[in-house]
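Here it is, the structure, as structure tokens.
For clarity, chains are labelled A, B, C and D in written order, and residue numbers in each chain start from 1.
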Amino acid sequence: MNQKFPLDEEALRRLASILEDTGLTEIEVEAGDHRMRVAKTPAVTSAVSAPMPVAAPAAAQPTAAPSDLAEHEFAVTSPMVGTAYLAPEPGAKPFVQPGDSVSEGQTLMIIEAMKVMNALPAPRAGRVVRVLVQDGEPVEFGEPLLILE
Amino acid sequence: MNQKFPLDEEALRRLASILEDTGLTEIEVEAGDHRMRVAKTPAVTSAVSAPMPVAAPAAAQPTAAPSDLAEHEFAVTSPMVGTAYLAPEPGAKPFVQPGDSVSEGQTLMIIEAMKVMNALPAPRAGRVVRVLVQDGEPVEFGEPLLILE
Amino acid sequence: MFDKVLIANRGEIALRIHRACREMGIATVAVHSSADADAMHVRLADESVCIGPPPSSQSYLNMAAILTTATMTGVNAIHPGVGFLSENARFAEMVEEHGLVFIGPEPKHLALMGDKVQAKEAAIDLGLPVVPGSKGAVESLEEARSVAGDIGYPVLIKAAAGGGGRGMKVARSEDELEDAYRMARNEAKAAFGNSEVYLEKYLTRPRHIEVQILADGQGNAIHLGERDCSLQRRHQKVLEEAPSPGLNTEARERIGEIARQAMLKLGYRSAGTLEFLYEDGEFYFIEMNTRLQVEHPITEMITGVDLVREQIRIAAGHPMTLRQEDISFNGHAIECRINAEHPETFVPSPGQVIDYHPPGGMGVRVDSALYGGYRVPPHYDSLIAKLVVHGQTRNECLMRLRRCLEEMVIDGIETTLPLHRRLVENPTFINGSYAIHWLEEWMAAHR
Amino acid sequence: MFDKVLIANRGEIALRIHRACREMGIATVAVHSSADADAMHVRLADESVCIGPPPSSQSYLNMAAILTTATMTGVNAIHPGVGFLSENARFAEMVEEHGLVFIGPEPKHLALMGDKVQAKEAAIDLGLPVVPGSKGAVESLEEARSVAGDIGYPVLIKAAAGGGGRGMKVARSEDELEDAYRMARNEAKAAFGNSEVYLEKYLTRPRHIEVQILADGQGNAIHLGERDCSLQRRHQKVLEEAPSPGLNTEARERIGEIARQAMLKLGYRSAGTLEFLYEDGEFYFIEMNTRLQVEHPITEMITGVDLVREQIRIAAGHPMTLRQEDISFNGHAIECRINAEHPETFVPSPGQVIDYHPPGGMGVRVDSALYGGYRVPPHYDSLIAKLVVHGQTRNECLMRLRRCLEEMVIDGIETTLPLHRRLVENPTFINGSYAIHWLEEWMAAHR
């Protein structure tokens, strides 16, 4: 018997790359009598390896716990460090509220940095699910500001 | 029946190389009645965690590489640090040689420490398979001296 | 100078000695028990030999195995480190009988200072101050009153046959003497069937002050100032500092010179430490440690003198080149002993260290044989790291110590790091106004 | 004193500044890019704020983001560290405009020393020695001969319009001058269409010597001796030592005093470094660094002065209490810069550090923001650790450095540790007889 094993290397490598991108640990694909499975056991140590400052520094306001929400698929994150304002002026109606539908480019809030007011446009059309910051709250770069589905 | 197992080494090696390149820990491929699976257990960190002296210290004679033989089921290990002598006196016939059958308590060799000659008795009856040290060689505590099956 | 030295010890002190040897171009032989095959000093040594199973009695205290290894590996000298065989006169003698050098004092001085009674007599001969008291038993109330008058109140009346606190009474003034005398005699009679008592000065709040000395047995001796080791728990030192916050320059120079002269008179050789109790400006000899001390690094930090290097040079027969006038004291140093123990119950906590991250930066020294992944064996002393910090002033030193304790990580096992973190925030410690019983009282009160 | 300081930097220098602040009781605010969220100084700081994406231009060089954060967190001052915005006069001005303190020199001095031409003119005014040469173009062979006679051979003839080595000729003696002059002019004409040349002293084997100064802008200035930074690769310092093995006490005191006087005359404030080339007993000013230097720890090791603490104190307006007579030099110190680079090809090697084990013991300081499991990001400078070692003598220091390099472990990424291990065994380095081109020549010869 000299039958070559039909190995589709490209497909395998694509699976590996999908696994990597998605953070999955296993993918199995079957088509007809062909089946492929790739898996990756997560490294154990990385999680515990990081030294922790003993007296966990009391994070001040702007340090706001790096929320997992930043990873949220529909999160709109802050493009700069600054102060978030939800309305055009004190006492005015907020730019957007939960439940609002917005169009792409519509102002969602204002980020003030160095006395400059920077409008934050909606990156896409959608519906505002949650607003994650308070009016006048300092925000970091990359901090999730609202969820726009 | 003398049918050779249809081993497609090239395909296997390619899979192994893909596993290596992609950082996966497991790949399984099936095509028709053929199935291949390669896996690699990620290194447990405790193993790599140990700092290694950079210039690997040139182990001197008595430091003799801690052999895995010490773990050998039938190994007789040294009860003390000292010099091993295989015969009662220089030029004499060794106490035991490979192939010899010995009875429990029979002297296998002598370990000299502090000018005292300590007879090493056989811990049980058996057959000497291998003698692991040379006559006059320094031995550590716990070092395997011979294999007695 | 020696070509090769055998290190007859383990843990951080074995590593300390290895480092000194490497820096002097001396090859090292590590001996170890089978429990220490992965120890840092074993990994780093030029050669290593397993000499026995985990129990110390069969490995680190196994003189025959150590001497056999020394002969086999062809070393010139043996450094005994701290503990184990370091103060064993018989071992030192055997080392010499094998034609090797014992890096430490002469066997006769190990023997002398190893015997409490002989040591106290020797101390008096050498001019060291001891706790004043009656010479032997006090026969009558009148004699007790006379002796107490001489040495000053408070005094302690102790059963001659006594022990364990029974038959022990304190008289704080002459008024209390008669009652105390009678009660001590009665208790002594009841407890030991012997009413004989003696009398000595009672120290109410002594500090533990020890003086580091170096001498070469060739007519040279220096002192390297004192260390304050008053922070103790069950007679185990927890944290040491140099100089003592309780001593002034006059007292330091006085006791240093007394210690130096005593060592010259004794003809002592090697590093050594004279331990005293200190109260109201007076020193009282307790004992002499005829070896390196665990807390030697704080002296190194303020003097710049490498004590292990000097010890090795002296053992090799080199006359000391350091003179007393070469020694100056620079800044302040503190050592925290970090043990593999629960910080409140002090139950030993051997096991695998997951993360080990020592603090870095200016004025920081860590002496530790730990590494990430190391397994602390259950068979030995629980000291796993010494965090040593230096500052130009005591306050700078305290601030630096605090930030180091914030940075330091030892994960996977319990350690006494949390105790040290509490200690550095304590006002009594910060003020330096502690005596030898303070730490235990504070810990009892703040459980 | 400040209550809270923002650290506008990353890596080991941010950690260095954090440590100084903590030891002074000052709270810290770390700003960081999104690539540095897990950085050590971010973990240890009292507060931390992410100010931008990984590229420096949008994070560590983002003045608006840093100033916004400073305002939001209510800091009193900003420490710019080394590199990034540390010598940016505009940034220093903006910090002041925001009512905050820039921990560094006045903006005008940053601007002055940031301009090569102005800096050289200023240096001459301040009495600093510069490379002697013709004032402008040399018009004739006679003039060239006269100038060369004044400054002494060898001389370098350079195209006024030149660059890149073209139109550059060396005359080692008067015999060679005529040919060199004509060839330089011809080459200059051919290469740049302009035959104008000028002439300056040619240094054949200069050392890079820099003088550390501290001044308060209030009439006080001191120097803290020199550092020898001659071991360079592509103008990047690899290993530095203090004091220089090529200087004697007279030369040290002479250049130190010149530097000190220059700083007084300039009215300079903060820490700073004057860089010189040194050959045949003469110093030639190159440039002034108006900030902390990467290699500042070796000066701290031999003087005991905490330069970052002094910088902060000066910035807070405290007149310096240190006087020149308070500064004494104790022993010898060496710093190895350990980069995340292949030790032979110098290709950067970012990635995850599996094991990090710094050396410990006496006379050892490690400044590093690494920890086991840390991921070295690919976006920044490759310096990951500074191994700094002190000894009572240069030889002791070298021996200690060698044993530290044996102990140190950084696994998972490539580092330049192997380069340093080779370097400490090299006789030219051990003898201290190297000049600024030696390291590159040696590495080229020993590939």
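Note that a contact is a pair of C-beta atoms (placed from the backbone, for glycine too) under 8 Å apart; a residue touches a chain by one contact, two chains touch by 3 or more.
Computed from a predicted model, the values in this text were never measured in an experiment.
Novice: Hop across touching chains from subunit A and tell me the fewest hops that reach subunit B.
Specialist: Between subunit A and subunit B, the shortest chain-hopping route counts 1.
Novice: Based on the averaged CA atom positions, which chain is farthest from subunit C?
Specialist: A
Novice: Between subunit B and subunit D, what is the separation of their C-alpha centroids in Å?
Specialist: Their C-alpha centroids are separated by 54 Å.
Novice: When the C-alpha atoms of subunit B and subunit C are each averaged to a single point, how far apart are the two points in Å?
Specialist: 44
Novice: Rounded to a whole Å, what is the gap between the Cα centroids of subunit A and subunit D?
Specialist: 40
Novice: Which whole number of Å gives the spacing of the CA centres of subunit A and subunit C?
Specialist: Subunit A and subunit C have C-alpha centres separated by 57 Å.
Novice: Among the residues of subunit A, pick out those that touch two or more other chains and give their numbers.
Specialist: Each of 45, 48-53 in subunit A touches at least two other chains.
Novice: When you check subunit C against every other chain, which residues touch at least two of them?
Specialist: 44, 355, 357, 371-372, 406-407, 409, in rising order.
Novice: Taking the touch rule as given, give the residues of subunit C at its contact with subunit B in the complex, in rising order.
Specialist: Its residues touching subunit B are 29, 31, 34, 37-38, 40, 43-53, 59, 64-65, 67-69, 72-73, 352, 371-374.
Novice: Applying the document's contact rule, which stretches of subunit C touch subunit D when the two form their complex?
Specialist: For subunit C paired with subunit D, touching residues are 15-16, 19, 22-25, 44, 297, 300, 304, 306, 330-331, 355-358, 360-362, 364-368, 371-372, 392, 396, 399-400, 402-403, 406-407, 409.
Novice: In their complex, what parts of subunit A are in touch with subunit B?
Specialist: Subunit A residues touching subunit B: 1, 3-7, 9, 12-13, 16-17, 19-20, 26, 28, 30, 33-41, 43-45, 49.
Novice: Quick check: in the complex, which residue numbers of subunit A touch subunit D?
Specialist: 45-46, 48-53, 57-60, 62-63, 66, 80-83, 113-114, 116, 138, 140-143
Novice: Over in the complex, which subunit B residues touch subunit A? Could you list them?
Specialist: Interface residues on the subunit B side: 4, 6, 8, 11, 14-15, 18, 21-32, 34-37, 39, 41-42, 44-45, 49.
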